[in-house]
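One chain, chain A, links the two complexes that follow: it is found with chain B in the first and with chain C in the second.
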Partner chain A sequence: MSVKYSPVQWTQSKLFYDAIALALVVAYVLIYLRVAPTFTGGVPSADGAIVRARAFGTCAFLLLTVILCIGPLARFDRRFLPLLYNRRHLGVITCLVALTHAAYVLNWYFNFSSTPRFEALLTSNTSYGQILGFPFEAFGILALLALLVLAVSSHDFWLSFLTAPVWKLLHYAIYPAYGFLVAHIALGALQSETNATFAVVTGCSVVLVCRLHAAAAIHETRLARTATVSASQEDAWFAVGKLTDFEEGRAQIRLLDTGERVAVFLHEGHLAAIGNACAHQNGPLGEGRILDGCLTCPWHGFQYRLSDGCSPAPFTEKVPTYNLRIDGEVVLVDARMNPLGTKVDPVPLPLVTQGAGA
Partner chain B sequence: MSGQNQTPFFIGYLPIPHGLRLFLVVVSGLLIGGFAALALAIGTAQGNPGTGDFQWGWGPQEVTGRLEIRPYPLLHVTTGSKHIPAGRTLLLSGVGKKGVRPRVAKLDGRLVRLKGFALKRGEIDALQVGDNNKAIVALDGKAPAVKVEPLGRWRLKGEICDGKCLAGAMRPGRGLSHRACANLCLIGGVPPVFVSSAPVDGNDFFVMGDSKGNPLPPEILHHVSVYVSLEGTVERRGNIMVFKVDLSSLKVL
Partner chain C sequence: MNGGSMVVWLATLWLYAGGAVAAVFLLFGIDRVDGNARGAYLFRPLLAPGVLLLWPLVLWRWWTLEAVSGTSDDAAYDRGRYQAVRAGHARVWSVLAVLVPAVLIGALLMRQPVPDSKGAAVRLDAPAPKQ
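Up next is the complex of A and B:
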């Protein structure tokens, strides 16, 4: 977190992350271009530009596969959260790798003609009515455009400008981008290959991405089902759980009938409820920890006071607070969120419960 | 739940917790190792593009022969060079994705001298005629007739390609991933060729024309690089085969 503007707020973690991401690309491309040919036993190789296009194209596909696997993996095992932390940089690197692939293709297959390259790209094959021979380049263009939009809008300026919900919605374009890329490969490279290796890799990627997301969706649905609370009376108070459900420094997350998620924390013997979505990227605040008295988001470390949902000065981010009350053994939350910045005094646990919890 | 709660809490702007360091090192190593293994697996699985290539090492070739422009420009060599003997028939193209028809339209059946760089793939010979004015010179003298041997009507299965890339201008110069490039070549006037899955009289490579021996219509572009069957008559001209196709017989296989 910083109030001072800088294009990229470098941290040790980001540098380490980017170094690993670049190492992935460098290792992949160098081995593809330099080492693999020594294993082919003198079989003639394709043109240099084509081999380089293949190297960068397949690398971009694999990077995109990794990017898409990080989210669901982090849902199942929080140790993967550091991979989520700087995923935007991995996305930008993927976009640059894909652009390199496109440049090689454009300057080779679509060069040397009296038709300008970009015009040739769009006009040389117009058989959109057939599967075999379909202009698979169109899917590549769509995937690249989506990756470009994601890369350009990945900066926090756009996150702030568009607001987190719109920005997140925009960045769901990663899924159609992946779909376009798979179609690009399936109707292009795989139709010309006689060796099944890349087809197997592509299939494994699709199965992995789909299965991880399906498993994560099922996991989330189950959590939502068990965490959904409904009003027991005509007013807007919802039961969050029993007093004994709470653990010091942790939250109970509940999905309200309103569609909002609320995180109810127990901190130093007091209960406090705030919105579960971080103001930065809608990260799950309820899975965060309390550090230096502030709730800290597990995604990027944005911090909020539990009492009023505000980031400590000089930061200005805010999330809503909710009113809480204890009815016997049950903790109730008022589903009507308070206006941003509203201070709510944390509710102390009854002494008996505190003693039992200790 | 409790297991997750024991996980060290990572915050990007703080040092990485000790409990996570080993995990992240292992994951990083697995990723880099996995990418390296995949690079090797995918890189070594690339198809063999064949031996076709520009014969740059031969230097510029100067050859003389009888020029034919139907269905596409061909040169039947009468006086060859060190590397291109007399009796060979060359597919002709210009520099880049261009044919030479506009430059030789008035030289059909004439004796000409051509200068350019050769392409060779097996028995396929091609010449990329230079762009300059001296690359095509009409000569006086009689051009010897070329023997034409009809080989009957055939139904062939195979792939329509552009003759220049197939001969080695690009490697690989065929297949669906090369389709747009092949179309650009054909639009530019490079001769289309048919690569048959079964040989006719020992040949599996044919210069294409329509049933009357004229250039193919633009509709053929929709069928380039796709496995198709076509019917038509085959004839041998010099040492090259010409497949005059009945386009209504085209079937995508």
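Up next is the complex of A and C:
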């Protein structure tokens, strides 16, 4: 951010979101503690500490499922975008819930011996050479470590300090974390669970998450293939599309041969080209709207002027601009990005096209 | 020293090193590399757990930013910054979409029958103390 850092940047909507998330977590745990014993016909098959550990463990798994579904859902349906804006807070809550699960496990299963608890956790089962009886705790530890890394690096400072690509790469750890968590459950709790509910819920989560992400991946790959612009007559100029392809207030997004994506906007009868990746979290600027004369990122609301790619004061974020020109009916973009902050005069649409579009 | 205690010892060492880096970075270094942190102190304790875990990454970025300090925005600008990070998403999920269901299904298929334990629980008496 380009303003002084604060511990947590809560707004009214973020407070509302966090309050709802916390209320749902508390409600889930309370309901689980009340309902779980009835799964075994009222016979207490597990001690209280074990039920509490399972309550927080299953809660963390469901929260991670929700978090992983938000991304692809928001790509397919803009109504899910508000959930995306506050996803980091949900991630921190998930990590705290998972830590509570781990604390219950450590303080129950590994607490009554002369061996230190952490050492006992790592040495009580070392059958790494077999599938059945595999030390599933190892997958839980790996998942927890990944969730910890995500939670402790969730402050905006880390985004700015590490840069968005490194931060994003680090936060890819959420994907293996989910895989580790499924392995932890499948080789652990599901091996001894007599009630089918847990297996069904886990299966539904896996189908949902894998289906959504596979669909998003296919969608992205197709988009990249169709959106790659072909070289024009001159070396650095690429055809973006025909004049009639542009709609007022919307962008055409193209993948350049350089690997960058450019968003070409039509705003008040003028065309302007800007880098498609937001300086904050690489959000897709080309899918944003123009509010108060500024392009607004659909992910977190960061704003940029189309003319120079700069955020309005007091913010200092910048994204590159690109030069444009019109050749007959075709809009061309110069693939060589301008130095940050370079002002580029928007290119007016020919009057005939404006008249046709009106 | 067995494998478990070695891992615990290494983790402790890692956290001690992280603590040392956190103290120096959060008290002095952060002001040098991020203008928005100058005069802002309340948020710094929130960064401490991150430095504890990610201190090699912190040292690397600190070094990099010190090296480019005083140069222009464009000189410090990472040209790779705007490359589409989502490109890796398809590669990751082409593997996970197969691997994760396979792990779940495989584990359920190989599951051994669980003995019926619906009988009433029996509380065992504590052993009699030795005379």
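By our rule, the second predicted complex is superposed on the first by the 346 of 358 C-alpha atoms of A that agree within 3 Å, B and C clash if a C-alpha of one lies under 4 Å from a C-alpha of the other, contacts with A are read in each partner's own complex, and residues count from 1 in each chain.
Just so we're on the same page, contacts are C-beta pairs under 8 Å (C-beta built on N, C-alpha and C of every residue); 3 or more make two chains touch, one makes a residue touch a chain.
No experiment lies behind these values; they were computed from the predicted model shown.
Undergrad: Looking at the overlay on chain A, is there a clash between chain B and chain C, or do the two fit?
TA: Result for chain B and chain C: clash.
Undergrad: Who does A:P314 touch here: chain B (first), chain C (second), both, or neither?
TA: neither
Undergrad: I'd like to know which partner A:L169 touches here: chain B for first, chain C for second, both or neither.
TA: It touches chain C, and chain B stays clear.
Undergrad: Counting only touches as set out at the top, which of chain B and chain C does A:N86 meet: first, second, both, neither?
TA: First partner only.
Undergrad: Which partner chains sit in contact with A:A183 here, chain B, chain C, both or neither? Use first/second/both/neither.
TA: Second partner only, chain C.
Undergrad: Touching A:T194, do we find chain B (first), chain C (second), both, or neither?
TA: Once the two structures are laid over each other on A, A:T194 reaches both partners.
Undergrad: Check the residue A:V207 against both partner chains and state whether it touches chain B (first), chain C (second), both, or neither.
TA: second
Undergrad: Taking the superposition as given, does A:E220 touch the first partner, chain B, the second, chain C, both, or neither?
TA: second
Undergrad: Given the touch rule stated above, what does A:D47 touch, chain B (first), chain C (second), both, or neither?
TA: first
Undergrad: What is the contact status of A:S153 with respect to chain B (first) and chain C (second): first, second, both, or neither?
TA: It touches chain C, and chain B stays clear.
Undergrad: What stretch of chain B clashes with chain C when the complexes are fitted on chain A: 4-12, 76-84, 94-102 or 130-138?
TA: The stretch that clashes with chain C is 130-138.
Undergrad: By the touch definition above, which chain A residues appear in both interfaces, chain B in one complex and chain C in the other?
TA: Common interface on chain A, chain B vs chain C: 1, 40, 43-45, 120-121, 132, 187, 191-194.
Undergrad: Mind listing the chain A positions that touch chain B in their complex?
TA: Answer in residue numbers: 1, 9, 11-14, 16, 20, 23-24, 27-33, 35-37, 39-40, 43-47, 50-51, 54-55, 58-59, 62, 66, 77-83, 85-86, 108-110, 112-115, 120-121, 124-125, 127, 130, 132-133, 135-137, 187-189, 191-198, 201, 247, 250, 288-289, 291, 296, 298, 300-301.
Undergrad: Quick one: in the complex, what on chain B touches chain A?
TA: Where chain B meets chain A, its residues are 4-5, 7-16, 20, 23-24, 27-28, 31-32, 35-36, 38-51, 95-98, 170-172, 175-181, 183-185, 187-188, 221-227, 252.
Undergrad: For the complex, which residues does chain C have touching chain A?
TA: 2-5, 7-8, 11, 33-34, 36-37, 39-40, 42-43, 46-47, 49-50, 52-54, 57-58, 61, 65, 73-74, 77-78, 80-90, 92-94, 96-97, 99-101, 103-104, 106-108, 110-112, 114, 116-118, 120-121
Undergrad: How about chain A: which of its residues touch chain C in the complex?
TA: Those in contact with chain C are residues 1-8, 40-41, 43-45, 116, 118-123, 126, 131-132, 148-149, 152-153, 155, 157-158, 160-166, 168-170, 172, 175-176, 178-179, 182-183, 186-187, 190-194, 199, 202-203, 206-207, 209-210, 213-214, 216-218, 220-221, 224, 255, 259-261, 275-277, 279, 282, 318-320, 337, 339-341.
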